[in-house]
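Alright, structures below, take your time with them.
Look for chain A in each of the two complexes below; its partner is chain B in the first and chain C in the second.
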Partner chain A sequence: MKIDSQTYRLTDPGKGGTIALVAGIAGLILSGVGYVTNAEQFFHSWLVAFVFWTTIALGGLCFTMIHHLTGANWSVVIRRLPENLMVILPFMIVFVIPVLFGMHDLFHWTHAEAVENDALLQSKQGYLNVPFFMIRLAGYFVVWFVLSRLLFGLTRRQDNGDGTHDGIIKKMRVVSAPGMFLFAITLTFASFDWLMSLDPHWYSTIFGVYIFSGGFLAMLCFVTLAILALHKNGVLVKEITKEHYHDLAKLIFAFTVFWGYMAFSQYFLIWYGNIPEETVWFLHRWDGTWKTVSLILVFGHFVIPFFLLFPRAPKRSANWLRGLAIWLLLMHWADLYWIVMPTLHKHGVHLSWIDPVTMIGIGGVFVWFFWNRTAAVPLIPTNDPGLASSMKFVNS
Partner chain B sequence: MSDATQNIEGVLAEFKSPSDLYHAAEKVRDAGYKNFDCHSPFPIHGMDGAMGLKRSPLGWIVGLAALVGTSSALGLQWWASTIEYPIIISGKPFFSFQAYLPITFALGVLLSAFAALIGMLVLNGLPRFFHPVFYSDMFAKVTDDGFFVSVEAADPKFDSNQTRAFLESIGGTNVEVLQKS
Partner chain C sequence: MSSTAQDVSGLPDSEKPLLTGNQTFASITATISGIVERKTPPIWYLALGAALSLLMVLFGSIGWLVYEGTGIWGLNNPVGWGWAIINFVWWVGIGHAGTLISAILFLLRQRWRTSINRFAEAMTLFAVSCALIFPAIHVGRVWVVYWTFPVPNQMGMWPNFRSPLLWDVFAVSTYFTASLLFWYTGLIPDLATFRDRAKTKIKKFVFGILSVGWRGGNRQWKHYELAYLILAGISTPLVLSVHSVVSTDFAVSILPGWHTTIFPPYFVAGAIFSGFAMVVTLTIIARKIFGLENMITVNHLEKMNKIILLTGSMVGYAYGMEFFIAWYSGNIYEQFTFINRAFGQYGWAYWIMVSYNVLVPQLFWFKKLRTSVPVMFVASLFINVGMWFERFVIVVSSLAQDFLPANWDYYSPTIWDVATFVGSFGLFFTLFLLFIRFLPMISMAEVKTVLPEADPHYVAPGTKGGHHE
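Moving on to the complex of A and B:
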């Protein structure tokens, strides 16, 4: 892997992208086999994998908008990586297609005879019906497409030196402010549609924020891993320093806490209220081996990373951080698995070979796309007025 | 005559620019002075290292306060609701840790916040109403364009003549002995 020190473009992107693509295609083919052998399992595994990668791309969009809105300087050097994640977001619509074909297997509320005999589902029919589901889904992707194209177009104009610095930055903010609002609305309702409606009787108003906290955390871990991979190949070693990934690690720490806070808030109110139609969701996830997964999430997604990331030293150690980032990505997958799978395997965990295969299928293509975008544009926003101070940034 | 009998409390020297101040701090540090300080109108990056300051122990103080806060909150609730006054609330067990967590969290945050604020003030020697540098009229420039190093008489290496000569030798101008009048 080589980089041009003037333009910050990769002159030799290396083999990583090709390997990811090959793995992705192999994974997709095997997913197809999975569909033929066990369609119901395939659809559930696919939904987990699809949401996993989509939330990472959504995290990239959110990070970019926060960066513009706050006018932060430290993150200028790493901004291009979340931006490249954000570009993938609209293309995730390709991977949502199997979910649409699997709606009958995934979503109980699509069964006409079930709705007929269920007063609760009848009253929710105005929202939970197939045409409206499709319209909403299209709406989410339109919003994500528009936001990511606008923001990426502006960042590229900044790279090319079109317009004035202040003019471009102002436009970025003008897009990001309503963008943030639209992001929150679309992510919340997407998580209601794709995950919460798996159990159509159950509802939790905090659910969108819960999914966001996990997704943003996964995005931070993905970006950290990408930076460490670049460093391993001697790319951007001077520009992105220990100080920058120390800051990313602080955000990772903050978002493990935030995830824990959201997960507990959701659990706490339901536990306290003790109303059967709410508690049933947690009751399923306390059944048989699901109880083990619940406890793994409490400790693996929150307690252990909290204490490991608490001191300063691990946040500044590349090896510790790499390990933790991989672990937390695994935990994000476990979190989504724990949300989706109990609707299929009610009384205990039943891991299937289709679970990893769908993850690798979508993930391989995702990483290849990400790497392809990364190689196509400068690795850092070379014309950003905050770049110089970002490079010099140190944690006191 | 000794410095103490002459009421000498320190020596102040002015430097031209932030980078001069930075390098002066390194030299004062290397000369072995401990009770010295740098004064500038704005924070200068890397000054902690140039002055040879260690990392603040504040983090440990706050961590300890958080531990005390969380454990005492949890302990108090456990003691009150299982030993001292056990009462069944909405059919839940006496020790329902879920219900205790918000208060545990809140007391942890409260005590850490107090420890952070008070600890910061104590470690900085604040509040403080007077400092020998205020004997100098020239020192008023520090709020605008002045960069100063002050060495206090409390430093074991301090000797008004030697310290003054030393500060002049490293490029200090307008060197002034801070003397109680």
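Moving on to the complex of A and C:
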């Protein structure tokens, strides 16, 4: 891997992208085999993998918009990585296609005979019906497409020195402010549609915020890993320093806590209220070996990373951070797995070879795409007026 | 980069100087100390007189309550929680901006906080003081208020540890203690400035004691800044925990409209929202009266308005989610509660809540409006009212019409409900007036750090050796 020190473009992007693509294609082929052998399992595994990678891309969009709106300086130098994640977002529509074919297996509310005999499902038909589901899905992707294209277009214009600094920054904000609102609404309803409606009787007002918290955390971990991978190859070592990943690690810590706060609020209020129509969701996740997964999430997604990220030293150590970021990504997957799979395997965890295969299938293509975008544009926003102060930023 | 020019309108926000009017270290000290050192203006006595009168109304109402009992309020059979709880939640909510500004914005390196943090923290303490009155008196028997604490009495009775009302006691008192310590720690360097400028022996003695021997040496600053950072870290979870716990007062029940999972973050967002609105209201008055337009600039106010727009919209999101999920749940009780909120007997309160809390902040999308002092002043008043009505809607509409129609009743307050609430403003403003008269209302030490001279890399204009040119 080599970088041009003038343009900050990778002159030699290395083999990482190709390896990811090969792995991805292999994963997709094997996923196809999974579909043939066990369609029901395939659709559920695929949904977990699809949501996992989509939430990371969504996190990239959100990070970019927050960066613009707050006028943050420290993050200028790492901004391009979340931006490249954001660019993938509209293309995730390709991976949603299998979900559409699997709707009958995934979503109980699509069964006409089930709805006929279920007063609750009938009352929800105005929302939970296939045509409206499709319209909403299209709506989400249109919003994500428009936002990510506009923001990426502006960042590239800034790179090329089009227009004035202030003009571009102002436009970025003009897009980002309403963008945050659209982001919140689309992410919330997407999480209702794709995850919460798997158990169509159950409902929780915090669900959208809960999925956001996990997805944003996963995005931070992904960006951290990308930076560490660049550093390993000696790229951007001077520009992105320990100080930046110290700040990233603080955000990872904050969002670990935020996820815990959301998960706790949801669980605790339902536990305390103890109304059967709400507790049923958690009871399924306490059945058989699901109990173990529930506890793994409590400790692995919150308690342990909380204590490991609390001190200063691990936040400034590349090796600790790498380990923690990988672990937390695994936990994000476990979280989604725990949300989706109990609808299929009701009485205990039933890991299948199709689970990792779908993750690698979508993930390989995702990483390849990300890497491809990263190699196609400068690695840092070279013309951002905040760049100099971002590079010399130190935590006092 | 020459920063002597006064025309900064073309600069992006991040590079605009936060203070205007060519401030120096000396001018900041002189301006802020001057407010306290100059002769007490007659208007202050007038204001204090008014505040004390209201305080007497509060004492009178509480006295009558203690003598007669909660029957003097408008409480009825389904609505056992009336204005007392509404006022409690409203005041606690207002208390949130202070710690958010002083702790969270500090951790996020938002340097504009320095002009408003002292002021907002003081407001927090006074608002929480007002809030604490209400749970203490709301059952009418203030002489057994110690029962709320886990103190074993002769009958070996303990408060129920699984009751959110007990968590409230811990959460709010912890919050008050931590905020007080944080506020006081921040005051120390400024108290020392007052000591050094004091003209009378008594003042020197009092401020000398209060400033705990502060000398401003290098080592002292080093320790001080670390202590401040640690206190900010400790206070940060409190900003979230207090109102989350307050939300559980409602949400752990199974009452439709109270029991919903989004309550903790929704209450926190609402608290920050109402707190910022109150900071804006008070700041606008104070900067006008004391001529602090160069310290608390329109730039500061605009940033606060952006936070109001953000948190107001978060509250709007929560209203929307509640409504949507009530429908989506298919639960007829949930559905009834929300339809009834909007179109039932308390529909007027619901629409006050929605329009003041969600629609009014949308004005701040426009730069012209969010930088206009009269507009933001009126908007902040609307928001203060709207957030009171939010708590009214939550407390009253859910209680008045719950599961059994036979239990339904209409709740309306009595004069004593109103008097107690209005009286609590007396306490708030009395404390506030005393604060602005005797203590520095802007943190002199901290606000100086935003001057270019405070930057270690600063090179004075006209001197050689700068590599920034």
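We take it that the second predicted complex is superposed on the first by the 396 of 396 C-alpha atoms of A that agree within 3 Å, B and C clash if a C-alpha of one lies under 4 Å from a C-alpha of the other, contacts with A are read in each partner's own complex, and residues count from 1 in each chain.
Quick note on the criterion: a contact is a pair of C-beta atoms (placed from the backbone, for glycine too) under 8 Å apart; a residue touches a chain by one contact, two chains touch by 3 or more.
Keep in mind the model is a prediction, meaning the values are calculated, not measured.
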item	value
Clash or fit, chain B versus chain C on superposed chain A	clash
Contacts of A:D166 with chain B and chain C, given as first, second, both or neither	second
Partner chain in contact with A:P385 - chain B first, chain C second, else both or neither	second
Chain B versus chain C as contact partner of A:Y272, first or second or both or neither	both
Contacts of A:C221 with chain B and chain C, given as first, second, both or neither	neither
Which superposed partner A:V394 touches (first chain B, second chain C, both, neither)	first
Which partner reaches more residues of chain A (counting touched residues only), chain B or chain C	C
Residues on chain A lying within both footprints (that of chain B and that of chain C)	268, 272, 274
In the complex, chain A residues that touch chain B	264, 267-268, 271-272, 274, 310, 312, 392, 394, 396
Partner chain C, residues of chain A touching it in the complex	71, 73-74, 119-120, 123-124, 127, 165-166, 169, 177, 181, 184-185, 188, 192, 201, 203-209, 257, 261-262, 265-266, 268-270, 272-275, 277, 385-386
Of chain C, residues touching chain A in the complex	10, 12-14, 109, 237, 240, 244, 248, 251-254, 259-265, 313, 317-318, 321-322, 325, 328-331, 365
Residues of chain B defined as touching chain A within the complex	45-46, 48, 59, 63, 90-92, 98-99, 101-102
